[in-house]
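In what comes next, chain A is part of two complexes: it sits with chain B in the first one and with chain C in the second one.
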Partner chain A sequence: MKDLERKIIYLFVLLALLVPLITGLVLKPVKMDNAGSIYTQIEELKFKKNEVAFVALDFGPNTKGENEPQSEVFIEHLMLNKIPFVLFSQYFLAEPFLKEIPLRVSKKIMKLYPERKLEYGVDWVNLGYQPGRTQLIQSIPKSDDLRKIFIKDVRGNKLENLPIFKNLTNFSQIKLLAQFTGLTGLFDIYVSFFKNKEHQPLFFHGCTSITIPDAYIYLDSKQINGLFEGIAGAAWYSELLNIDNPGRVPDSSHIINTMLGVAHLVIILLIIFGNIFRRKL
Partner chain B sequence: MSSFKIKLIKFFTFIGGIYFFLEFLLPVEYLNTEFGFKFDKYHDQITDGIRTIGSMACGLGILNILFVHSSKVIFKKKNFIYSFVLLVSLFLMLTISITDWVASERYAQRIDKFNKLISFSNHIQKGEIENYNQEQRNGLLKAEFLKELKENQKFIISKGTDNYFQDIENKITLIAPNSKDFHTQIQKEITELIPILRESYNTEYETLTIRNSYRFLYEGLFIALGSAMFSLLGFYMAVAAYRAFKIKSFESALMVLTAITVMLGQISFGEMLWGEFKHLRIWILSNPNSAAFRAIVLGAEVGALVMAFRMWFSIESETFGAKK
Partner chain C sequence: MWDNLIIIAGGLATLGIFSFLIKENFIYRLFEHIFIGIASGIGVLFTIKNFLYPKIIRPVLGIDIYKYPDGTVESAYNTFNLLYLIPMAFGLLYYFIYSKKHGWLAKLVIGFSLGISGGLHFKGFFNHVMPQIFSSFKSLIVLDNGAINYLESFNNTIFVITLLSVMYYFFFSFKSKSKISLGISKTGRLLLMVCFGAFFGSTIMARLTLLVERVQFLYNDFFGLIF
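Up next, the complex of A and B:
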């Protein structure tokens, strides 16, 4: 009986995930104020010449479902606003995402706005996987020349030869940091060490639904300036991008959000049924 | 482990600990004046050293895998076939990754040659090249540029047009080495050429067989398997929700209600049911949740601090050479 119950539940979950995927059902995401706040701040930010954003994609295949759409919409927004950014990761499994996401997004933008030219080295640089964790993050705000820490990009180009890094030396030129992870331990390092006495970049964080409670304490204390709350945050951000960019090709966040929404509903119903029918067990 | 080795490890652990302790906690002005020199002068080098030591763990891991699994294969121990598959996968991935890295480096070096030409031009302008006269030096630079240009002809044509290559070649040929703006013109041409070459190299690199093999193994297999493993959790959680989320007391009722509210506050169906779910969710996360999490984090951090002190003074359980 127990085995049959389990199989039926598996079937329900599978159906919950498959139905939106097959039918293309997309529900309007819930308004997420914390993701919306990131959007507004990016819109209002004024980047001076030689100022950049740092984007850390500290996720792998395990949390790709939520972190990838988050980073995709954020990178798209940076590119749309012509904000140059530097990508890196402290997680070795992130390598394909560091490469694929900006390429995919740049192609998408150039298709939507043919007059825009997005170019590697000018609009973004990929530093790849960077080992060192705490020591690495501590050394960034202390460094006199950021190019001495990272030296080369993932393609083997010397950083001083890349347009973004030509005049990028100082930590104060990093205007904002966005970090996406579902791993515990990686996020706190940035909160503690990615700042110095003179400068503290804006800090946006993208977490998975499971780690939202953990991230909220930093949001409440204003140690982070915005939060992508799981896939729902990414879907709402994508909705905002849709409003401002008519004709934009939708990303995967809406469909994943709908799939997970249906799956959540199934779980809620299972909790209710479990309490009604399995009370005696 | 001999007593001397243990003492040596303890000594270096203490020195490492005291450096980071002082470097992080003491104000910069104290560090500079009290010690008579900039205390963190070599911080970048020390950090590099730690990262290097960290990377060594990788080599140690590979050696360990080799010892454990190759002995299983050699002596045909139980389930040795899995060890064999593991070793084959390890070597296959290592070979492909290293070849892929070498290929990417080769393209980077080609770009670097053009950057070196810019640097050479700057040196000539500053008068830092002693041999030859100015015109001869400029001639050398021009000849080198033309040589590199020819070597990269196919990449320029593949990205630009046939005419573009001809145009740029003619333009450079026409720049007189004794003209006043020789260096400005040369540098302008190189700077314009680099992004074209970079894209062209990248396009070719992405079509290499080694790149495709890497992508197949890493992105096609490894990443997909990793995602599949994690997605199974969703199914287990659904079963757990049905079986374990039981209302048996006031506390469990509170927990179930909170969980349902937080879920409904995040999904579209919740908003369809009642628009206030999302506000309720934020209140729960910002207030009771934050209070509880802060307490947990504070407790864990105090524990971590104590642990750090124990490790610093090497009084943590005898990791090396436990007493028999």
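Up next, the complex of A and C:
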């Protein structure tokens, strides 16, 4: 009987998830101040020539549901604002995302704005999976030539031959770092080591819902300058992109956010229902 | 063709893992082991592909030096690249862990790794925690253009009460049975419960997002391809 009850609950949750998917129901996302703050900062940032953003996609299939839409909307915003960026990851399962996301987003932007040309090597570079964790990250701010640390991109090109890296040598040229992960251990490494006495890049973090309470501590101590709070943060960021770019093809964050909202509501109702009609043990 | 095969494989693997919801079964265990195997294998592969081969093996062997059609080379072989062999050989000592006689050699590598990681964490700890300690010193009365900002002051007061009472709850050095002491301790425990509730709620949300992503994949891609 207990086993059957559990399966009924699974069925309810599945049906709740399928309703927005089948009907195409999309709810307007709730305003997320911390994600909104990242958007505003990116809009206001003035990038000088040879300055770049570093984007670390430290996630794999296990947190794809939240981290992929976050990184997708962020990369889209960088590309729309012509901010060159360098992608890398400390998590080997991120390799496909490093390749696919910027390609997908660049195609989308070039379709919306045919006059814009986005090119690998000029607008972004993929360094691929970079093992080394703490040893690697702490070596970046100390380096006097970043090209000596990474040497080649994932396609095998020497970094000095790529337009982005032609004059990119110094850590102070990294204006911002955005890191997307569900793994708190990796995030802590950047907090501790991705800075030196002279320079501390702006630090934006995309976390999963589980790590939101943890991430607030870093936000409060200003160790990070903005936060994507799970899928809700990505959905609000996407909404801001929609407002500024009429005709933009929506990404997956809105529908995931809606499905999650409906399923959450069902779970709350089930908890209330379960507590009212609880059988005495 | 390949894309379709990937979608079918992904769909079957997802359904196989979801079959656990009915009951523990062979198909679930099969896909679980496949996933663990692939995840471990890919880690080794990418470390070789992205790090070991391009950054160590190629420079040591000199095969990263470009040869022009006229036979001249981009640059001369850098003999200092051979120095990479020293840390590599030292690292390989780790494999002596399988030898009873020479196991002590592995301990050298382990000790070296522990020393490095301890030193880095010591530095990292201060970079990581000190700003958080400083940010916990909050003013209980926040003034905004000469007037009291009640909301911010209330926020800060809650923060300080939570911090102190939770720290007090975990203070086990001496026991006090006074009413004040027990009251603070109980407040700390209650606030911890609120925190655990928030963690639990956010955990459900994260797990559901994973499910949402898979359901979306099954509905749009997998079933979309099959039916």
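What we mean here is this: the second predicted complex is superposed on the first by the 279 of 281 C-alpha atoms of A that agree within 3 Å, B and C clash if a C-alpha of one lies under 4 Å from a C-alpha of the other, contacts with A are read in each partner's own complex, and residues count from 1 in each chain.
The rule is short, and it goes like this: a residue touches a chain if its C-beta (ideal position, glycine included) is under 8 Å from a C-beta of that chain, and two chains touch if they have at least 3 such contacts.
Model, not experiment: these values are computed from the prediction.
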Worksheet entry | Side-by-side fit of chain B and chain C on chain A, or clash | clash
Worksheet item: Which of the two partners, first being chain B and second being chain C, lies in contact with A:Ser139: first, second, both, or neither?
Response: first
Worksheet item: Looking at the overlay, what does A:Pro131 touch: chain B (first), chain C (second), both, or neither?
Response: both
Discussion item. Quick check on the superposed pair: does A:Ile189 touch chain B, chain C, both, or neither? Answer first, second, both or neither.
Written reply: second
Practice prompt. For A:Glu66, decide between first (touching chain B), second (touching chain C), both and neither.
Written response: second
Worksheet item: For A:Gly156, is the partner it touches chain B (first), chain C (second), both, or none of the two (neither)?
Response: both
Practice prompt. Check the residue A:Gln223 against both partner chains and state whether it touches chain B (first), chain C (second), both, or neither.
Written response: second
Worksheet item: Counting only touches as set out at the top, which of chain B and chain C does A:Asp33 meet: first, second, both, neither?
Response: first
Practice prompt. In the overlay, work out which of chain B or chain C sits against more residues of chain A.
Written response: B
Practice prompt. Please work out whether A:Gly274 is in contact with chain B alone, chain C alone, both, or neither, and reply first, second, both or neither.
Written response: first
Item to complete: Considering only the touch criterion stated at the top, classify A:Lys82 as touching first (chain B), second (chain C), both, or neither.
Response: neither
Fill in: Shared chain A contacts, counted only where both chain B and chain C touch the same residue
10, 13-14, 17, 62-65, 93, 95, 131-132, 135, 138, 152, 154, 156, 209, 212-213, 217, 220, 230, 260, 263-264, 267
Practice prompt. Please name which positions on chain B make contact with chain A in the complex.
Written response: 24, 40, 43-44, 47, 50-51, 54-55, 104-105, 107-109, 111-112, 115, 194-195, 198-199, 202, 215, 218-219, 222-227, 229-231, 234-235, 237-239, 241-243, 245-247, 256, 259-260, 263-271, 278, 282, 285-286, 289-290, 293-294, 297
Worksheet item: Which of the residues in chain C come into contact with chain A in the complex?
Response: 21-22, 39, 42-43, 46-47, 50-51, 54-55, 116-117, 120-121, 123-125, 127-128, 131-132, 134-135, 195, 198-199, 202-206, 208-216, 219-220
Worksheet item: Which of the residues in chain A end up touching chain C in this complex?
Response: 7, 10, 13-14, 17-18, 21-22, 62-66, 92-93, 95, 128-132, 134-135, 138, 151-152, 154, 156, 182, 188-189, 191-193, 195, 208-213, 217-218, 220-223, 230-231, 252, 255-256, 259-260, 263-264, 267
Response to the item:
Within the complex, chain B is touched by chain A residues 5-6, 9-10, 12-14, 17, 27-31, 33, 60-65, 93, 95-96, 119-122, 131-133, 135-136, 138-139, 142-143, 148-149, 152, 154-158, 161, 209, 212-214, 216-217, 219-220, 229-230, 232, 257-258, 260-268, 270-271, 273-275, 278-279
